[in-house]
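In this document, chain identifiers A, B, C, D, E and F correspond to the written order of the chains, with residue numbering beginning at 1 in each.
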Amino acid sequence: MPYVNIKITREGASTEQKAALISGITQLLVDVLGKNPATTVVVIDEVETDNWGIGGEPVSARRKRGL
Amino acid sequence: MPYVNIKITREGASTEQKAALISGITQLLVDVLGKNPATTVVVIDEVETDNWGIGGEPVSARRKRGL
Amino acid sequence: MPYVNIKITREGASTEQKAALISGITQLLVDVLGKNPATTVVVIDEVETDNWGIGGEPVSARRKRGL
Amino acid sequence: MPYVNIKITREGASTEQKAALISGITQLLVDVLGKNPATTVVVIDEVETDNWGIGGEPVSARRKRGL
Amino acid sequence: MPYVNIKITREGASTEQKAALISGITQLLVDVLGKNPATTVVVIDEVETDNWGIGGEPVSARRKRGL
Amino acid sequence: MPYVNIKITREGASTEQKAALISGITQLLVDVLGKNPATTVVVIDEVETDNWGIGGEPVSARRKRGL
């Protein structure tokens, strides 16, 4: 019954990588808390780099400087 | 003043269906809690089926198996 | 499989009122989108009035003025 | 270390405006709470006007009436 | 830089279990996506069973029936 | 009409500081995007340090080491 929301920048995560996040987090909730995987929901949000800020500036600006 | 966020998979909900969710939830908050509809906000997020997991796997994988 | 998050100020919603929100929203998702109620999750967050702002001020300040 | 999520309707916010939101909110958290900007995250979600409801109807319907 | 929010019912998760969720999810994001753990944020929300609904009813009501 | 959610660790933010966050962010949305303050909602979540992770460990563990 847990609900997990993962937010990452949209920078090319593949379908396989996203499936690995979903299975890994679901298994972690089974292992640590004994949760039922059948009703465990994981939602991944991929956010444009213009719309994600860290250190007071957008990730898109950081990427242009090679960060 | 309530804020409601609905997350569903992106599988073809129409403009009319989304309007029905918005009006239905707003009315429910009026009926149950006496909230002011003028400042009640409802935000619907439609999530790609690759990015929504249940039972440890993406919905896109389940759909391919006819689930 | 939908996930719904309702945020309201913590101002005395009863267990019965919260149960009515949960059943009402779940039924709405069945009626409008044909969703499966067994995996529909509704989470209600009750927020202190000091921590909820509208119109640029906390609800607690508005309540003191009778709003 | 704070995390801030801003949701606005998708109605043409520019890259510069979004950068101004990110820098302004990060600075506010430094000024008010002494938070470390290096680990302050700001995520902006732009939501389609069909998917944002206020007053019981979608913003897209309000815009058609000139509101 | 990822942000992860885990919502579970408040039913006695220990400090150690919550630490295990935090370390496990952070490591998963390193392993699967090569994310930097230093700026990976995980927030756990523990929700009262009256405020969590599934199958159209609160978890508190289900627990009374032994579910 | 914007909705802003701020998550910070629960470490003693005062009512005045939270009011300053609410007014500052609302004004920023007026200044940058011309938003209507009357329908701008800000919700502050204060999260226990056991429940907030960064760098793969809870903030509570970091605080014990003087970080």
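Here is the rule we go by: contacts are C-beta pairs under 8 Å (C-beta built on N, C-alpha and C of every residue); 3 or more make two chains touch, one makes a residue touch a chain.
Computed from a predicted structure; not experimentally measured.
Peer 1: At the chain B/chain F interface, shared numbers over all numbers used: above half (same) or below half (different)?
Peer 2: At the contact between chain B and chain F, which are copies of one sequence, the residues are largely the same (over half shared).
Peer 1: Repeat of B-D among B-C, A-B or B-F, where over half of the residue-numbered contact pairs coincide, is which pair?
Peer 2: Repeat interface, by the over-half criterion: A-B.
Peer 1: How big is the gap, in whole Å, between where the Cα atoms of chain A centre and where those of chain E centre?
Peer 2: Centre-to-centre distance between chain A and chain E: 14 Å.
Peer 1: Could you grab the centroid distance between chain C and chain E? Build each centroid from C-alpha atoms only and quote it in angstrom.
Peer 2: 20
Peer 1: Where the centres are mean C-alpha positions, what is the separation of chain D from chain E, in Å?
Peer 2: Roughly 25 Å separates the two chain centres.
Peer 1: Touching two or more other chains, which residues of chain D qualify?
Peer 2: Each of 1, 3, 7, 21, 25, 39, 41, 43, 45, 52, 54 in chain D touches at least two other chains.
Peer 1: Under the stated touch criterion, can you name all the chain pairs that qualify?
Peer 2: A-B, A-C, A-D, A-E, B-C, B-D, B-F, C-E, C-F, D-E, D-F, E-F
Peer 1: Can you tell me which positions in chain A touch chain E when the two form their complex?
Peer 2: Chain A reaches chain E through residues 1-9, 13, 17, 20-21, 24-25, 28-29, 31-33, 35, 39, 52, 54, 59.
Peer 1: Under the touch definition given earlier, write down the residues of chain A that touch chain B in their complex.
Peer 2: Residues in contact with chain B: 15, 18-19, 21-23, 25-27, 37-46.
Peer 1: Within their complex, state which residues of chain C touch chain A.
Peer 2: Spelled out, the residues of chain C in touch with chain A are 1, 3, 39, 41, 43.
Peer 1: Which part of chain B faces chain A closely enough to touch in the complex?
Peer 2: Of all residues in chain B, those touching chain A are 7, 45, 47, 50-58, 60-61.
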